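Working notes, structure below.
Every chain is named by a letter (A, B and C) in the order it is written, and numbering of its residues begins at 1.
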Amino acid sequence: MTRPDYSKQGYTDVSAALRNAILTITINPANHRPKEFAGALYQNLLHVFELCGSDDRVRAVILTADHTAPAYCSGGDISDGWDGLWDPESEKEGEHAHRDAGGTLSMAIYRCHKITIAAVNGHAAGIGMTALQLPFDFRFVWKDAKLVFPFIRRGIIPEATSTFLLPKLIHHSLATSLLLTARASTPSKSRALAALYHEILPTREAVYPAARKFALDMIKKSSAAGVGDVKVLLRHPGTSMEENYILESMVTRAAKGNAKEEGDPWGIAKRLLFRENSDGDGNIYPWWQTIDVRHHKTKL
Amino acid sequence: MTRPDYSKQGYTDVSAALRNAILTITINPANHRPKEFAGALYQNLLHVFELCGSDDRVRAVILTADHTAPAYCSGGDISDGWDGLWDPESEKEGEHAHRDAGGTLSMAIYRCHKITIAAVNGHAAGIGMTALQLPFDFRFVWKDAKLVFPFIRRGIIPEATSTFLLPKLIHHSLATSLLLTARASTPSKSRALAALYHEILPTREAVYPAARKFALDMIKKSSAAGVGDVKVLLRHPGTSMEENYILESMVTRAAKGNAKEEGDPWGIAKRLLFRENSDGDGNIYPWWQTIDVRHHKTKL
Amino acid sequence: MTRPDYSKQGYTDVSAALRNAILTITINPANHRPKEFAGALYQNLLHVFELCGSDDRVRAVILTADHTAPAYCSGGDISDGWDGLWDPESEKEGEHAHRDAGGTLSMAIYRCHKITIAAVNGHAAGIGMTALQLPFDFRFVWKDAKLVFPFIRRGIIPEATSTFLLPKLIHHSLATSLLLTARASTPSKSRALAALYHEILPTREAVYPAARKFALDMIKKSSAAGVGDVKVLLRHPGTSMEENYILESMVTRAAKGNAKEEGDPWGIAKRLLFRENSDGDGNIYPWWQTIDVRHHKTKL
């Protein structure tokens, strides 16, 4: 377990603060449209999501922006080309390497076993719609936010695993509309966009407080391990109903055993350990295959 | 084919009656909150669903409650611990066995090739939301029923294959909300809950009659084999569009052949036989892998 | 690349005309209820969808009907039996062959890498709901169109890969309702039906112009290769988030390289070539397995 001071990580494009078990990450107003997405904003976000994963004081993570900023996140500026979209580590490996930075960040957020909430209190485009929204458990939004997946109109491919996440979150009929039309609209006007959000708020300033109130209630009435278990089951279900039955039973059995441990009603510590140490006796995590996605100087 | 007398099965927690090809199973008012779910209510339901599967007089099964009972089903009482959640057969095998009773029942209902309807004429929680609703073909509900998936607030994992079924029935965005927030709401107030139901009725007493009328219409205008075929295709689709194309073509061809048989316009008997006897010539069932989910004194 | 004259293909049941990069295929009023679906209407549609796939002048394909015809398509007439449902090529191979013509057509439309739109300006049933709507990217409809998946009420199985496509387009809860109840309703009355459509229009005559205006806007603001890439990613996503991350990154990298080519800002030609010629250096298409679905005188 680590207990970092989030204010001392040298972040330039976001600020991060922990209060009442909620880590709030705020995109700086000046950085709502990063010159290259794979730059500081990306590095800051990747770092803070990895950092909080092993901090047991953090129960929920809210990503938001200043509600007076021009936007929540307007996406990477590609007026000078697409070079800023790529993960710098992979790029070092040369021509055949290809890992979009948005995808790397999406996976870091998706794997986070805390409660994750995107509080979208302004307009959003590109990476601001994909990595900064789709991998979160819950999305709160301002009813008049202009939202767009602009990729296809710029000659780019929707990135950040959005072609995987969007048709899961809403159905194919709506996901196809959003990705292929690439039109800007708002949650109050578009049924497809509205379907993405847990709550739609009347003003920009109402979005973060609503998300925070929601997170506080969830924290009070659930356990960290329980949240983590449900997230893992939803993300790695059995490939058949039968397999899922066995997985749920295993996870419930583990939860039951752990719940008896003194001073740790939900077995948080032990079950997090399960996740980290895959060789322990009785260890059930992970049951899914963990894939190494780094580029290894060979083509797929 | 069996033709059991459903009133003479010695059920203590439900009553079951067959009329006009509809088997109505009613949870006794006193048993809406079973002391341990894996007890009599579970055993009765498991038995009656297995029994009616081979009774060709039964075209549809409706599970309901007395509309004056405190609830449709309030879930298992876990105030004394979770021991009542486990399938007693598996428990005999000791510490490493783990099969939740809810999952066993869910699979029995899901596999039933009759038309299955949950007529939810009262509040529902826990197993009352999972095994007693999600594996059914259709759900009818009272608009003011208080409904909740409370698991995460009690330190338990959502069971009865709900982490598999719920994100299929409605999309991930809504399923995540229901399972992670674990908040009680009603179909008239919650978009996520409303999405689960075929029809939402204004009063508790209107729910069962609406479900029954719907079932009678379906029975009159469809064939038993046709219903079974569609259910099987929806549950075991091809893993690709191409594979599904071949499966649908096979099933249609079989249906066509059978439809010509005298006195059996839709080939019910022969096609049910296909399902039961997997060695027959021209047999297309099952094309999916049947998994043995019993515990075998080894870990997964 | 081919540049066929669509008016000279000898079609008897449809007419086809290319204008402003949009190929409009109109079902002849007399053929809205084909005597046997696998006859001329099927052959004409299969031919025109295959033809336009390699015609680079075509950016979008709209299938529609005469708005004064009795229906958009009322499905095959099965009053004399089901023989007209089968693909004639497969039927030649005898008793054990089974390929439904609707499925063959569905796959041809689904694989088309143009923008595809069904402009449903009249009632639709059977194949008019399945192959002639579900494999399209977008569906536009008249609010009072009577729509039905009648299969189960006629003893037939839902065909044309509808058991695969429908639960993808809308969720299982709605797909089950549509296929099992087999009831006729309209987009203005049925939530399940409405979920299938991108836009619902007040009159029959408004449907095609709305679809055409929508297509023109999409064409102006997107590239052919970009549309094709998104369609391919949505249809062949990674089996895990990690795999999808690598796929999206590969496709984006390919798009980036091609975008630099002179005179071909989005690399359309080269990337279409990728799709056609799977041996080229740097070729990323196809990453999915292509399945030969022809019948080969052996049973599956």
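Criterion: a residue touches a chain if its C-beta (ideal position, glycine included) is under 8 Å from a C-beta of that chain, and two chains touch if they have at least 3 such contacts.
Molecules present, by chain and UniProt name: A, B, C = Enoyl-CoA hydratase AFT3-1.
Note that the coordinates shown come from a computational prediction; the quantities given were computed from them, not determined experimentally.
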Shared touching partners of chain B and chain C are A
Given over half shared residue numbers means same and under half means different, the chain A/chain B interface is different
Chain-centre distance (mean CA atoms) for chain A and chain B, in whole Å, is 34
Two or more other chains are touched by the chain C residues 171
Per the touch rule above, chain B residues touching chain A in the complex are 82, 85, 98-100, 103-104, 106-107, 110, 151-153, 155-165, 167, 171-173, 175-177, 179-182, 235, 289, 291, 293, 300
As the complex stands, chain C meets chain A at residues 115, 137-139, 168-171, 195-196, 198, 214, 218, 221-223, 226-227, 229-231, 233-234, 237-238, 240-246, 248-253, 255-256, 259, 265-266, 287
